[in-house]
Structure formats: structure tokens, C-alpha cells
Amino acid sequence: MIVAILTISLMAGLFGLILGYAAIRFKVEGNPIIDQIDALLPQTQCGQCTYPGCRPYAEAIANGEAPINQCPPGGQATIVALADLLDVEVLEPNDEHGEHHDIPLVAIIDEATCIGCTLCIQACPVDAILGSAKHMHTIIADECTGCELCLPPCPVDCIDMVPIKQTIDDWKWPAPVLSKEIVHEH
Amino acid sequence: MPLMSEYILLFIGTVFVNNIVLVKFLGLCPFMGVSRKVETAIGMSAATTFVLTLSAILSYIINSWILAPLGLEFLRTIAFIIAIAAVVNLTELVVHKTSPLLYNVLGIFLPLITTNCAVLGVALINVQDQNNFLQSVIYGFGAALGFSLVLILFAALRERVNVADVPKPFQGSAIGLVTAGLMSLAFMGLTGLVKV
Amino acid sequence: MTTNSEITGSGLWTSNVALVQLLGLCPLLAVTSTVVNGVGLGLATMVTLIVSNTLVSLIRGFVRSEVRLPVFVLIIACVVTIIELAMKAFFYDLYLVLGIFIPLIVTNCAIIGRAEGFASKNPVGASALDGFMMGLGFLIVLAVLGGMREIIGFGTLFANANLMFGEAASALTIVLNADYGGFLLAVLPPGAFFGLAILIVIKNLIEERKVVASVASDSLPEAT
Amino acid sequence: MNSRQILLSGLFLWIFAVLGTGFVAITEDTTRELIVENERRALLRNLHQLLPAEALDNDIATDTVEVPASTLLGSQQPGTVYRARLNGKPVAAIFNSIAPNGYSGKIHLLIGVYVDGSLAGVRAVKHQETPGLGDGIEVRKSDWILGFNGKSLDNLSRSKWAVKRDGGVFDQLTGATITPRAIVQAVKKTLLYYDQNAAKIFD
Amino acid sequence: MSIKLHEFHGGMHTEDHKAESLAPGLQQATLPAQLTLPLKQHIGDSNKPLVTIGDRVLRGQVIADSSSLISAPIHASSSGVVSGISAQPIPHPSGQCDVCIVIDVDGKDESIESQSQSQSKKIEDLSASELIDKIHRAGIVGLGGAVFPAAAKISRGDNLGIKTLIINGAECEPYITCDDTLMQNYASEVVSGIGYLQRILKPENTLIGIEDNKPVAIKLMQAAVIESAVAKTEVITIPTIYPSGGEKQLIKILTGKEVPAGKLAFDIGLFCQNVGTCVAITQTLEQSQPLISRIVTISGDGIQQPGNWEVRLGTPISHLINLAGGYKRNQSESQHLVMGGPMMGFSLPSDHVPVVKATNNILVMLQETIPFTPGYHDECIRCGKCADVCPAQLLPQQMYWEARAKNYERSEEYHLFDCIECGCCAAVCPSQIPLVQYYRAAKSEVRASRQALFRSDRARLRFEFREQRLLLKKQQDEERRRIKREALQKKNPKNPDTKTEVDPVQAALERVKAKKQSQAAEPKNTTNLTPAQLEKIEEADARRRAAREQRE
Amino acid sequence: MTSVMVSSPYVSPSKSLRQLMINVIIGLIPGTLAYIWFFGYGVMVNIILAIAFALIFEAIALKLRDKPIRPHLTDFSAVVAAWLFALCLPMNSPWWLVLIGIGFTMIAGKHLYGGLGFNPFNPAMVGYVVLLISFPKEMTTWYLPEVISGDSLSLLDSLAYSFGFADIQQWDALSSATPLDQYKTGLTQDLAASEIFQSPVFGTLGGVGWEWIAGGWLIGGAWLLISRTINWHIPVAVLVGLLIFAIGEYISDPGTRASPLFHLFSGSIIIGAFFIATDPVTAATTNKGRIIYGMMIGMLIYIIRSWGGYPDGVAFAVLLANMCAPFIDYYTQPRIYGSQDKDE
């Protein structure tokens, strides 16, 4: 019995020493996977995922704290990309966090109503709103991510979300759709 | 001393006929879990092959040089798992230090290997079958190659199946298991190739 | 704090070790050619889970993080070895049948997974319950799969019950149809995979039905 | 600081190793005898399938003799022969034989031979024959293997030691002739071996 | 002299159906009552209209242009009055509308070019860049199908150095005969166009590739080459196999070289231009006529009198259909209108769309000859017939598998973007899968996601920039508060250990910080704006002024 | 004018899926006739039963999966699969054997993966192998060709037999192992080839009757090639792969090894090479890949036959190669136009 304890405890002790040494000598800083996840998120910074922006969500995913299906702006495409990166199952989008719009929305300010309070400027995470105090504000449509964060602060409700204008250059070829009713005919 | 040809037969038998995954049923968790992409499967295979071979050697040494002489066979499981964890950890260290590139590829798989029963299983089977040193090494390496072979083929199959029109309730792990079942069905064709 | 019913639900159903997490597959597929084998291994695994979860939860306060995993592994290995010795002493025949898969409980990822993911963060009571429920969930799947394969493969149920309960239990064996030649596929390796696939599909179907039902009941108030 | 941490970790693990191994060792200590007894009983149960317990009174599990490798026993390794005695007189020997040419490889047999050279019984211990075909040699599956009981080289002429298809007296299993053929040959060879070495086996 | 011909992988033989439309010879289309000219008829940047409603325009007058290099101006193709600048149906697979200039034709067909010609130098004296400029101003685009602005292409080729000039007269698609007709009627113009290209590009040799199913055109072209003075130019008869007219395939046939994947022909010293483009160049340089008309084939089983017409751009297709005797069938459901050939064309939603620079062919198919059943196709059985015919040597079945599962990135790994959309794969697929549509959809999706990635990267930068700015602002505030506090403390005599001396390094650091903060504190994001954004701001300001005025 | 958008090209393909399957069925006819000629109506009963069951299973699966039934049933792929499956069975197999086998063929082999085109494993072989390992007794009891036994079942008897009305024992005299099985049995007994071939079941090339049947498959295979239903790569590679081993072994040890011709003309090599290995769905699709895939099958057949546990390895060889097909495809992608090697 003494031999047994001695043998195993010697082995374990040795192993513990190695591990302790390793823990200090080879500490890995940071987690590169976070950057990779962040790169796949749409950067709308809308917070619908319940995290304060895309990067915190990326961190949560990397730490295994959040499932990959909480980003409505990213939609299914983002879930697939994340699943691919992390080698996990593809999930259905979680509707509780919001709806995915196929055509992205942008905010537009009704210039006649705007009182120039700058509250929306402070809310916009990507500096897409131009203007200064007491002057009407304008949204740079190209920069607006459609996060809707500027809507609540506006005291006069002058901001609307509209779908991005589609041009012929944005047009997408539709993929063939299969339906079950059609009967083979030639 | 067994003949050379017996070693070769042992090797072929271990890789193909008594495949560690499909026939012996060991290492199934990584087989099911890390087979969604061929690339990751290859990474996992490489890491497992290294660790499995090394731990087969180490466990042989521990068993026949330490445990058997001291009459401590009942501590085999504990001693082996400690050794395996150490091998995994050391591998991680060495790879991390010497080749960051390789570490990038293998790094995330290494910790998973400790809980791969193929590793402990091979060590225990070696003892059970009373394999000598060379046999232990060949068995360990063969089992690892067998694991890698089916893992990579399975991953390639799953990549194809994943884009197939699989009925809803079967999507995901169920169809993966069916595929694995059909693979083991195919592997049954090799029974009897190496007579034991 | 997780409630007891949540722990129960997740162990038996939502995070079932075998059906959802797909862990512990090796014993699951390897020893389930009969119910008795399945139950035997399931019990051993369950005991291991309960004991290791309890121990891990007990020491969770003062384990150093860098040796956390090795300590867990060590604890589990010791528990398993003790169980192995006990089985050898008291259920020697069953031990012979299950063979190598008893020591391999050590590498059942579910056990270390629970130690890491649950027991190291929760109090003893909850951890023990979690171990029990996870183990029970695993045990049930082992038993059901074993039953399925045994019935289809051999046409019997509870064959070899004497291995676990002594000679008196031989009478438990049910022969469903003496003429049944057996469908060998079920007891061969491919059958194990197919069997588990079928169980997972059944679970998926039940879930699907639940979703449909909940959607239906959600929409009900609006309709009225 | 660094080395202190390392030492601490090592110490911690060490303590757990000591505790854990302690428990295991205690368990081992308490179960050791039971386990040895179990192993012995399992062996005896196998042997008693061939020889009824009342036919012998010695400790057959330990009354063994090592025999050198012999093609007649189908093995390249030295084998163990168990000896049964009643009142000190030899009753039977039980051989570990191998039929090398089964359908899917070796078939390990336990063959009991009475001192007079007749068969006490044959059991297939380990084999890989096709389930559903060749596995009829297991007593669990069919009675086929009981057909050897009582046969000997004396009461059956050598040419009759074959399956019926080859002109012998032993049934073949439906659809599987190779397996029985292999076993019949192995049993016959074991009897030959006994014939030649009976004296050596019982000293 | 003669050169060795090479083969490209795959390809297929099709029934050519060319005789029907060739028989009547080239006919002149009458002027329609209205011309509809889309603002953008080329690959590249959009044009802006230069006229307003009510303006009278003359034939050849530039009515829309852009400052971008990769663009081609639009000219009025006859005289008349601009009656609308608005979204009109255009020939586009989406069936959508785009901004067009509509001209009510007055029938006088007055030309604008008379004054300008007198001022210009003789063509012989023009430098290469002047020639290119003229080609650019004439609005010439590649007429082989890609409608890439010719001037941009030529000047790029000129910069890179061209060894071999390849003239594409293959016209490999079934039904289409416009290039054949063109070569039969304008052989000498083709050759003099080649002469101008040679003057600019100075190639070592010139190869004119024509499929062997056009014997008349080959003979006439050979004669024209001999007659004219162009040097080292050869008409090469190539076997009839679709898609020999694809630029890369033609290059392989004629030179044995392959354009490296992801590169363009002139990267390996080759330059490919369609015969029609050559004629357009000749007409511009010699007759000062910009690109206002082209030859269009009207063909198909559903049209009364197939043939080739020389048509003013902007002419409604219904007008052409009437010229060709109208449809064979009355119900529109039983036939199918296609612009382009049967292999690469696209369906038109109606015949109320204009002829544009890209219109080489109008095909009226009978509905029953359309192979695809919408909503159903058999599944791919991986027979590999598609891979056998793919001229790009791709694995169409793999691209399809991935595209079908919406795994667009994997499709891309199978070189989706090397697919030239020739349609061979779909034409041989026993499961009748509309493969090309899957590829087109997949390409659209990949492009859209690239766009989204680009946007998200920019959003991240802006977000991080803002975070930093806010952080700095916070630090600055704290700093200010600290200084204030310290100042207070200094006044307080109870604290003797307050520093009086300022550490010079610290001071410098603070100055830098202060400077950064002052930058950050500036009204944000009005720096580094693109001209487009500035434009938008201006527009917004204008609207604001207007709004304020209205309110007051 | 054009109500629904369809994409180019607007030309009808030269061959439809249905035509392809019909070609395979036509190709199967000569060999099947020879088979029936030598082994009686049982073969035909098997085929008809298998096709009927297959269509029923297919229809049920399509219904459950909410797919259009008529176009899928009339693509005849189920008929081809069932036919090939039935040809693997011993003649006069009981109906439940056919039912179970076809069940696995159509469900596990095909529809679990999404039906035609998606299955990674050859459905017919899946069904056959499941039966072979589950019911080895039933699956290894074959009947002597009529020319040897001089007796055969009438159509009615075959039917009665199939549906269990006739007693099995009655026909036991006719039963025997296949020539390959006998050859293999002989090999395990360490008999020389010449001794093995004493048995009446062996003819000049392969087994009696089997040679003619193989000839029938060869004619059908030629038809598949001529009608461009299949490419030459796979059948040629299978035969080459087999012959490499067979000839090599025969030269080194002509005494105990059967001649390469025997290997070709007994068992299911020819039908395997032309009809089974060529199943487009489960084979490799690149030309280079097809050659590797075919060679692999050929070699595996020989390996399993000569050294493995099964007398004829075609089914297992095909399944093993199916398993590798995606991997082979992945690493044999052709060089695309304009690239120097495949990855650039």
C-alpha cells in the first residue's frame, strides 16, 4: 500500500511540477478566435444579441457563453459562417433577439421635424449622423448600419428606418425554387 | 520472437481489419465530434497519431518496468491516465515552443485527446494482449492510423452528406451515425483478412 | 442558481449525455448488445458521475486553476479504479463481459465535462443531483439501446440477468419467440450505430412535435 | 515567485494523488482475496463444464503442468494442462488447444480427456466464426459440440474422425462445414497428443 | 502561312439554326416613333443625362456621359425631342426598370456631326491617344457581348504591350448571325478597323478567327485582308464547336495559350476584339459616326421571317418583331422571348424594351422547346457529363451541390468565378438542372456578402474610432478636473508637497495629448469625407435651407 | 410575354435521367435472361418482388418527405437499384428476405440521405450486405444450375417457395455453394486449384452457367458504353485492378491460384465493373478519381476473395470505395482552365 501511494504520488508530483511550470512558462495571451469571430459579425453594434456591441458578443461566443444564433442583423449567413469557423452545428436563428431583414434598413431623418438636439449623434455607434447643435442632422446612408440605436433618444421621433434603395446593380439572380406540386412535364 | 511477417500482419490488422473505431468501438466521441470538416479531421488525426503512439510506448514502460515489478497492476488505469495527460500536455508545450504554425493547426485538438478512449484503450489492450514492446508500438501506431483513416474519410463523407437533402429529423448527428454505421458495414468486408 | 427540476430535465432530456452531447459513445455502442450489459455499465458510470461530481464540488473552493483538470482526472481515475475493483469482487461475471470498458469510464468525456462545467461551479447537493441525473439519462439510453438491439438481434430480453443479480435472475430472461432466428445486424457494430441514430431521431421527432404543440397553444388565445 | 507557484501546483496534485491512491489501495487490500477467489471460481466453472465437480477432489486450478509448443495442440506457445485427480489418482487432463484453420481464424478450445483417452468434453472458448453460421459450435447456440462426449481414438476409427460430408461421423452445421471440420481435426490431434504424452502429463 | 490550331477542353456541338436568318441578307430597320436609350449600356460607371425634357436632340449628339474612364457616352440615335427621362423597362434579366432617355423621333434624322468634322485633323495624323479619345467619345463598347468600353480596354492594352491581336468572328452560338452578316457586308470596314487597332496596339501579328460554318464570310474576309494593306493579318478557319467564340477559348484555339485564372488576356500580350467593334471603330474614325446602330439578328421558331436588321439603338423590340412579320403564335404564354443566343441569353419580360448596345440577337422560342420546368428538376446524379463539356474545366456538379445548399463559399472554392456561364453544363445535364441559374445566383450572393463584409469592416473601423474618441474625451475631462483640483490644492497652503516644477517629459506628453484631444473634440466626422459624402452633405444643407425658408 | 423566369441555356439536353436508367435496364436484360435460363424462374421472382417492394418503399418515402411522387417514381432509378439488388440474392429467396433487403436499400441506402443523387453508398449493395451479414445461412445457400442438377423449379414452385408455401427441405438436394464459395472453401483446406476444380460446378472459364451469365453482362456493359450511359474509366479500372493481382498471383503460384479468367468469369466481377461500380451517384466523379476508384474496387475484390472472409468481395469492395469517393474527388480535382496546378 505504501508502495502504491509512493509510486502514484511520485508520478503525480512530477506531473504537477511540469504543469505548474507550463502554466507560467507558456501562458497564452489573448484569444485569436475572438478576432475571427468578430470579423464575421456584421458590426451593426445594435446590441440585439444582448451584448453591448459585436465584439463583446464575439467574446461571449469564444468563451462558450453564448450560442451563435443571437445576431439578427447577421441572419442565417452569419450563423453558417460562425458554425463553420467554430466547427459546431448550424442553428436556427433565435427570433427572440429580433428579425433579420433581407434588405438592410437605413435610418433617415425627417429634416423638417428635426430640432438639432444632437441626441441621436451621441447614440450612433458608427458616427453616421452629421450635424451640430441646433442644426438639422443628416444621416450618411452609406455609413448607417441600420442599428436603430438612434431611434429611442430622438425627442421628436423624426428618425425612420427605410429599406436601402435597390438598384439594378444590386439585383441578385434568384436561385431556382423547387416546389412539391409541380409534376414533371416536357 | 515473432516473425517480421507477424508484425506486418498485426499492423494491417490493426489499421483495417480490427479498426479501432468501427470494430473496436474506441475513440468514437472525437470521431463523431471532430468530423464536420476534412481539414479539422486531418489536424485531429495528426495530433492523435502522435499522442497515441507515444502513450503506447510510455504505458508499456510504466506497466512492465514499474507496475508489474511492484505488483501494482491494479493502479494501471490511474498510472496510464496520468501518463497520457502528461504526454498530451508535453506535446502541447513542445509544439507550442518549436512550431507556432503547427500549434495553430493542432493546438485546439490536443486537450481533447486526453478524453479519447482510444488512447487509454490501446494502452490497456496492449497489456491485456500481453504485447511485447515492438508489438505495443506497432499496435499503438496502427490504431492511430486506423483512427485517422476512418476519421478523414468520414469527414469527407459528412461534408457531402451535409449538403444533401436529408430529412429533417435525421439532420445532424443522426445521419452522421447512419453513415458511420454504413462505414462499419463496409469494414465488415475486411473481417477474416488477417486470421488471429 | 439552477433548480432541481432544471437539473433533472437537462440530465434526462435536454442535455442528455448520449443523445444530445454525443459523449460516452464508445461504451454506449460497444456494450449494448443486451439490456443487462447496458444497465451494468450504466450503473457503473452513474456511480462514477455522482461520486466524482460530489468530490469535485467539495474541493472546488481550493483547487488551483492550473492543476484543476489533472486533479479532476485523478479523482475520476481513482473512483473508477475503486469501482472496477468492487465489480471484480462482487460482479465478476459482469466484469468479464464489460471488460475494458470499465476502466475506460475514466475517459468518458461526459464525466470530466460535468466536473468542469457543473460541479466545479455548484454546491455539493446540486452537483450530486446533476451527477445522478446525467448518469440516469445515460443509463436509460444504454438500457433502451440494449433492449432494442437484444430484441431485434436475438429475440430475447434480459438475457444473462444472472450476471448482475445472481443465478436466481436467470428466470427473468424473456424469450419473445423461440422460432425467431435473430436479425444479426442489430447486434453487430453497424446495428449499434443505427440503433443510436434511431433513438436520436425519435428524440428529434418528439421535440418537433413539442414545438408544433407549443406554437399551436401560443396561437390559441389569439384565435379565441 | 515562479518556482513557488510551480511547487505549489505540484504539491497540490501530489496531495490528491496520495489521498486518491490511498483510497484505491485500501479498496484493493480489502477486495484482493475476493477477486482472487472469483478468478479461481471462474476458471473452475469452465473446467467443471467438462468434468463434473464430483469426479475429482484435487485443486485442479493449481495442479497444472506446462507443456511445450506442439503442432498437435495447434499452438506455437507452451500451454497449460490442468490435471484432475481423485484420491490422488489421475482422472483426466484438460487441454487448451487451438484449431488453427477455422473459417475466420483460430478457434480456442478447451478439451477434456479422461485417462483412458476418451473425451470428457469439448468447449469453444474463443473464436471469430461467422455469427449465424459458424457460431453453432457454442453450447449456447447448439448442442453440436456435445457430440464429442465419450468419443475416443479407440472407439472411433481414425478415418471416421471427420464431418459427415467427408465420410466421418460428425454432423456439419448447416451452411458451414469448415468450422466443424477444423474442430474435429483439432480434437483428433489433441487426442493423438494425449496418446503420445499421457505419461509425461501425469508425471 | 498557316498556324496550328489547338483544342480547348470540353465544349459541345449544337444544331446551329443559322440558315433561316441568313437567307434574307442584311436589311435596314425603319425608324420607330420613339427611341428609349438607357443611361447605362456598358460595364462600368453610370452616365448622367446631359439633356432635359423638351430639348431637341440631333442624331449623334451626346445625351449622357460620365467623367469616369470606364464608361461610354450615349448618343441620340436619331433626331427628335426628349420627352422623358425616367425609369423604363430595359433588357435586363431582372426585368426591372432603369433610367432611360426617351426621344420622340421627328423623322428628319438630322445629324450633328457636320460641324465638328471639319475642325479635326486627318485620321492619318492622329496619335494613338487621340484615336483612343475619339473611340471613347463615340461611345463604343465591345459588341461581342461583354459591352466593356472599348477605349478603356484599348488604352489598357496599349500600356501593357500587345503581341497578338485576335479578332473574334467566331459567332459560335446557335441562331445568331449578326457577325456573319456583318462580315459579309462590311468586310472592308472590319479590316480597316483592324488597321486602326494595329496602329494603336502595334501587335506582332493579327489573327481573325471564324468558325468553318461561315464559308462566305471567310472568303470575303480573306479577300478584304489581301485587298487592304494591313500587315501580318490572317483569317483562320476554326472548327465549329461551342463556345469557340469565348475569348479564352478562342485564344486557346488560335495560340494554344491559356489566360491565367484571374487575369485578363492582355496580361499575356493578347488582345481580343469582336468584328462588330472593329466596324464601329472604322465608322467613327472615317465617318465620324458614333455608336448609334448595330446589326441585330431576329430568329427562332416563333418568328415569321427571321433575318438581320441594322437597327438604331433605342428601337423597341416590338418594332423589330413587326418588321420581321410578327410572332407565329398569338398567345404570348406559348412562346418565350430571349435576348442573346439560346446558350447565354436571358428571358425578356416583354417586347417593350429597347435594343441596346449589347443586343445581338432576339430569339423567339416556342414554350415547349424550353427545357426547364420551373419548380422542378431531377437531382444531380453526379454523372459528370457537365464536367466533360465545361470549357473552363470546372466541376459544375460540385459548384452546383454547394450552391444548392447555399454553401456559397464552398462553391467559390470550386472556382465559381471562373465559370463563364456558357451553359454547356446545363445543356447536357440529364437531370435538366438549370445549373447556370444556380451559378448566377451564387455569384450574386457571394458579391453581396463581399459587399456586406466590406461594409462591416468599415463600420468596425468607425466604431473603434468613435470608442477611442470617447475614451480620449473622458480622459481629457478627467485631466481637466485633475488640473483644477491640483490648482485648488496649490492654493491651499496645507499641502506643502505639491509639485511646483513641471517635468519636461510629462509636459510634452500632455501637450501631445491635448492636441489629440482637441482634434478629437472637433465637430466629428467632417474630416476625410469622400466627394460623394460631401455632395450628400451639400444636398442635405440645401434641403435644410429650403425647409427653413418654407417654415419662415 | 415571358411569365416565369427561366435561365439560359434554352436547349433541350440530349439525354434525360429517365433515358439513362432505361439504358441500364436494357443493358441488364441479356445477362438476366442467361441467369434465368441457368437458374430457373426463382431469379425472375426475386427481380419482380424486389421491384415491387422498391416502388412501394420509394412511394412511401416520397410521401413522408413531401416530395412529388410521380416524377421520382418514373425516373426508374428505384427499378435499377431493385433489379441489381435482386441479382445478388440466391434464387428462390423467401419474400421476407427480399423485403428486408429492399427496405434497407431504399430507406437506409437512399432516402435517409435525401433520395436519388444524395446517397454516398450504393443502395443495392447496402441492402445486400445487410442481408449477407444478418442472414448468412439464407444468403449462402445457392442452387445448382439446371444443367448440372437436371432439375429446376417451375414458375409456380418458385412462387410457392418464395412465399413460404413450399418446404425448404424438399429442395435441399439442389442446394450448393457458389463456385467461388467452393473455391474459397478449397483454399482454406489448402487444396490445390486443380483439386478444387474437380467439382462439377466448374466449367471452362468460371462456374458452369456463370460464364454465360458473365457474357451476358459483358454484352450489356458494351451497350452502356456505346450508348454513353457510362464512361470507360471505371469498368476498365476495376478489371485492371483485379487483373494486376490475379495475374501476379497466378504467375507466382499457378498451382493453388485460380486463373485470372476464372476470376473474371465467376461471381459478379463483370456486372460489378459495368453496372455496380459505375453507379454515378456513389462513384468518384473526376476522371482521374474514377480510375483510382475503379482500381481500388478491383484490388479490394481480389484481396477479399483471396484472403478475406467472403467468397466474392464485390459488394464490400464497392462500399469501401464509396466510402473513399468524396475524399478521392476532393483530391483529384482537375486543373482548371488557366491555372498551372489545381490549387492556384
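The letters A, B, C, D, E and F name the chains in turn, as written, and every chain counts its residues from 1.
Assume a contact is a pair of C-beta atoms (placed from the backbone, for glycine too) under 8 Å apart; a residue touches a chain by one contact, two chains touch by 3 or more.
A quick note: this is a predicted structure, and the numbers were derived from the prediction, not measured.
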| item | value |
| --- | --- |
| Lowest number of touching-chain links that must be crossed from chain D to chain E | 2 |
| Which of B-F and C-F has more C-beta contact pairs | B-F |
| Cα-centroid distance, chain E relative to chain F, in whole angstrom | 52 |
| Cα-centroid distance, chain A relative to chain E, in whole angstrom | 35 |
| Computed distance of Cα centres, chain D from chain C, in Å | 34 |
| In chain F, residues with contacts to at least two other chains | 5, 7, 12, 16, 68, 71, 108, 114-115, 118, 130, 133-136, 309 |
| Shared-contact residues (touching 2 or more other chains) in chain B | 74-75, 78, 82, 85, 160, 164-165, 170, 175, 178, 182, 185, 187-188, 191-192 |
| For chain D, residues contacting two or more additional chains | 8-9, 12-13, 16-17, 20-21, 24, 28, 103-104, 131-132 |
| Chain E - residues contacting chain A, complex | 90, 92-94, 96, 98, 368, 371, 373-377, 403-404, 406-407, 409, 434, 437-438, 440-445, 448-449, 452, 455-460, 462-463, 465-466, 523-526, 532-533, 536-537, 540, 543-544, 547, 550-551 |
| Residues of chain B defined as touching chain D within the complex | 74-75, 78, 191-192, 195-196 |
| Partner chain C, residues of chain B touching it in the complex | 22-29, 31-33, 74-78, 81-82, 85, 114-117, 119-121, 124-125, 128, 168-170, 173-175, 177-178, 180-182, 184-185, 187-188 |
| Residues of chain E that touch chain F when the two form their complex | 8-9, 14, 93, 95, 174, 248, 252, 258-263, 332-333, 335-338, 340, 342-351, 363, 365, 369-372, 374, 376, 378-384, 387, 391-395, 397-398, 414-415, 418, 421, 423-424, 426-432, 434, 436-437, 440 |
| Chain D residues touching chain A - in the complex, by the definition given at the top | 2, 5-14, 16-18, 20-22, 24-26, 28-29 |
